[in-house]
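Structures given as structure tokens follow.
Consider the two complexes below, in which subunit A is the common component and subunit B and subunit C are the respective partners.
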Partner chain A sequence: MEKALQDKARELLEAGDVKVVIGYGWNKRKTQTTPVFITDPADVERLVFNPLCVNNLSLYLTRQYKDIQALGKPAIVAKGCDIRTIAVLIAEGQVARDGIVIIGAVCNGVVYRQELWKGELTPEIMPTKCHNCDVRNPHIADHIVGDPVDFQPPDDPSGMVYDKIGALDGQEDGDRWSFWMEHFERCVKCYACSKICPLCYCERCIVEKNMPQWIETSAHARGNLAWNLTRAMHLAGRCTFCGECERACPVDIPLNLVNQKLALTIDDAFEYKSGYDENEHPPLIVYSPDDEENFIK
Partner chain B sequence: MATEEAAIENTEQKAPWEPKITAFVCNWCTYAGADLAGTSRMEYRPNVRIIKLPCTGRIDPLFIIKAFERGSDAVLVSGCHPGDCHYTTGNYHARRRWIAFNSLMKFVGIDLRRLQFSWVSASEAIKWVDLINNLTTEVKDLGPFVDYKKL
Partner chain C sequence: MSESYLKKENLTKLIEAFTGGGGVFIAPTVEDRQIFYRPVSTGEEITFDYIVPKNSHKEILFPQTEVVANYRIGKDAVDVEGVEIDPPETVFFGIRPCDAASVASLRSVFTWDFIDTYYTKREEKTLFIGVACTIADDSCFCTTVGVTPDGSEGSDLLLKETEGGNYIVEVVTERGGEFVKRFDDIFTGPAPGGAVDGMKPIVDVPVLEGVNREKIHDFLKNTDHYENNALWGEMARKCMGCGACTFGCPTCHCFDIIDEGTAFGGERRKNWDACQFDFFTTHAGGGHNPRDTQYKRWRNRFMCKFNYYPNKFTSKGCVGCGRCIRVCPVRLDITEVMEDISQQ
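Coming up: the complex of A and B.
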């Protein structure tokens, strides 16, 4: 599969179709994979694909990476889950479909954290998203590398994240509040969750605005709550559950829980799952007179 | 001077706690409805602070968070009935946002009796009066929103 990937990258670069291939490569000690940007066809051997390729590289397609954009048209090596993010970026007009080449990589799942890798991919070290993945064979791609895999996700989403959401839903308000306050208390406002999120692409984030100051910037419980609520809300109906925010969080706040709770709510209310159709608008920027709710008096 | 301060302190101690309710209302329906209640000389509980916005579509979830941060014990969001929006679709957009936000607020453990939503039209002064009276009673029973205030 890596051979096919490298051949495809070489072919694209030599033909001049793309100027840069954004993919995965080994770090120096070959313990982790890291993003690589290949501009010379002679370097394509650096491209690899394996279960350590957890990063969502679609981040590098966003406008904040001006140096990458300056290189020219990119090709991106993307797993199905990364393609879901690219689909949202296209739907929101951040990326033009014909402005990029998607090299879809057939994926059998990745590890939850690269440190967990012991040379073999077992279900225990895979994140919840992989257990529920219905895009192991890339759904939007210009080229697909790897042999198609046959995997049926469970009908109802299951796994650690969904179990925890279910458990929290069953608790009293007060218990949920103390659960979240314990977690948000640790937040140091490093904004790693936002920086790594491919869909947090605003050039000026609301937390950077101080006239008026909507969100307190100090790492204080009040501002932490406001920040985490706002971040989750801005991703409502858009988050594709790549899980990068939680992976990047230095204090291990379970951000997947809030994001996926909202994704479940959006799916229940509007029958919408993000990242499957690049031509469909995300649900919170459109409306329907037939939306149903039971809480407005 | 000293006696004055003591007097102020004294009244503060004596005055029973009253809930502080922030209401974000739209200019065209709910504000007009509340206005009608006033011009019709209806009486209702004075615990509500009304903030008028052009449309419910203008109400960012951050407004609600800010209201709690600044010491509201409850927040009411109210606008035109579906189909009646002055800007045609503002309240439909707002409704979508609230469906998500309501679920999020419940998920982080906020008692949803402290965050209420309603449709009140320009002619529904009675509905507005009842709404505020009931909300005030409900929040009075719940007590101050100490969870948020002590953050």
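Coming up: the complex of A and C.
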């Protein structure tokens, strides 16, 4: 499959319309994959695709990466989960559908963290999103590499993240509060979660506004809660569960739990899952006259 | 350099004796499946199987956030009251030689043109008990920057693990010697009973062949290369500016002063900042930002560690602990950049 990917990349670059292929390559020691930006058709052999390709590369399509935009029209190697994010970016007007070329990669799952790889992709080292994936065959793409797979995800979301959400739902309010305050205590306000999230593309995040300072930047309990809850709310209905925020967090806060809980809540209220249709807007950013008003009592 | 001996089973006794007098004993411990330095109250809480914990002594000497002044806004005047800190006596147990070498780096910057008492008072009260490295991983590169896995610089006591699972204690500083004397019922003489409990081999961390420090030094000194946008742009293109490297790094020291409060009063705080953040170099008044794209910010990080900092101080800008490599979500490896520049 890598050969097909490399051939496609070479073809696109040589044709001249695409100026850069954003994909995965090895680091020098060949122990982990890392984002690569191929501009020369002679370099396409650097492109790889394997279970270590965890990054959501759609990040580099967002507005703040002006250096990458200056390279020219991109083709992007994307797994189904990454394409879901691209769909939301298109729906929100951040990326033009005809401004990018999507090379969809058929995916059988990735590792939760690259350090866990020991040579074989076993279910225990795969993140919850892979066990529930319904886009192993990319759903929006200009080209697809890899043979189609036949994988049926469970009817109801299941796996570690959903089990934990269920456990938290069953707890008393006080216990849930303590659970989260204990985790948020570790937050050091590095904002890695926001930087790696392709949907956190605001060029001036609310946390960077300092006249007045709406959200405190200090890493105390109050500031951490304000930051993490604000980010979760700004992602509600938009987050596509790529899991990068949790992977990027240097102090291992289980961010998937809060973002996925909100995704389940949005699905209950609006029957909406983000990232499947690039023409559909996430519910919290539009007003529709068809919105139910059953919450008005 | 005198030697004594410390048995792991006596650690709880040591911790209790020290904390009983009001001290804080910080050691590596497992928290939510990861290893962090945290205060402990028994030896059982300590984990010994680590390369470097996720956090470093920086959190103790230079907290992520702290109040430096309180203010009240009255009708005619603003009352400002500075905060004086009185840190407790602290033992920082299990510091690795790379981290220990970086204590001098923080000290240089916080005692340079202004004596920062929020740092100095904490350092004065902290005793560093180092543990030499018997394991390493491929992100470690201490030897490439002039630190060794059994280096004693920065530690008051340097512990070396034995095959029997205990420690040979090397007294490095006077302060370390006084600590051993203070607890001389816990620190015993060399190898009790004449039994030989040999030292475990110190791990070999090979110097990275592709890195040539003189070449890097010369390259960075040349300001034309600084403007060589194509090279830096390519090397740092994938950086997304998360700042995780900066916050984990034991030598990174930038901070921001902010006020938090209401119209009637509040706190002035000193918080960690990172040159990787978008608005780090945004100028007041005009809003111009000389480092307006990410590769320029990453270039600064490299220059600061290997050019600006070494020009000012004899301490190191980088000690090769490898935290930046391990934590980077896009695996932007500082040693790869060192290798690339060595070939220019």
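Please note the rule applied: the second predicted complex is superposed on the first by the 286 of 297 C-alpha atoms of A that agree within 3 Å, B and C clash if a C-alpha of one lies under 4 Å from a C-alpha of the other, contacts with A are read in each partner's own complex, and residues count from 1 in each chain.
To be clear about the criterion, a residue touches a chain if its C-beta (ideal position, glycine included) is under 8 Å from a C-beta of that chain, and two chains touch if they have at least 3 such contacts.
This is a predicted model, so every value here is computed, not measured.
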When subunit B and subunit C are modelled together on subunit A, clash or fit: fit
Subunit B versus subunit C as contact partner of A:Ile266, first or second or both or neither: first
Touching partner for A:Leu284 - first (subunit B), second (subunit C), both, neither: first
Partner chain in contact with A:Lys118 - subunit B first, subunit C second, else both or neither: neither
Partner chain in contact with A:Leu229 - subunit B first, subunit C second, else both or neither: first
Which of subunit B and subunit C A:Lys30 touches, first, second, both or neither: neither
First, second, both or neither for A:Ala192, with subunit B first and subunit C second: second
First, second, both or neither for A:Lys3, with subunit B first and subunit C second: neither
Minimum C-alpha spacing, chains overlaid - subunit B and subunit C, in Å: 8
Shared subunit A surface residues [contacts with subunit B and with subunit C]: 216, 220
Subunit C residues touching subunit A - in the complex, by the definition given at the top: 31-34, 36, 54-55, 64-65, 138, 233-234, 237-238, 240-244, 246-248, 256, 258, 260, 269, 271-272, 274, 277-279, 293-295, 326-327, 329-333, 336, 339
Subunit C-facing residues of subunit A, complex: 27-29, 31-37, 55, 59-60, 64-68, 114-115, 183, 186, 188-192, 195-196, 203, 208, 210, 213, 216-220, 223, 244, 247-248, 250-252
Complex interface listing, subunit A residues touching subunit B: 168-169, 173-181, 206, 214-216, 220-222, 225-226, 229-230, 232-233, 236-237, 258, 261-262, 265-266, 269-270, 283-284, 286-289, 291, 293, 295-297
Touch list for subunit B against partner subunit A, complex: 61-62, 65-66, 69, 82-83, 89, 92-93, 95-112, 116-119, 131, 147, 151
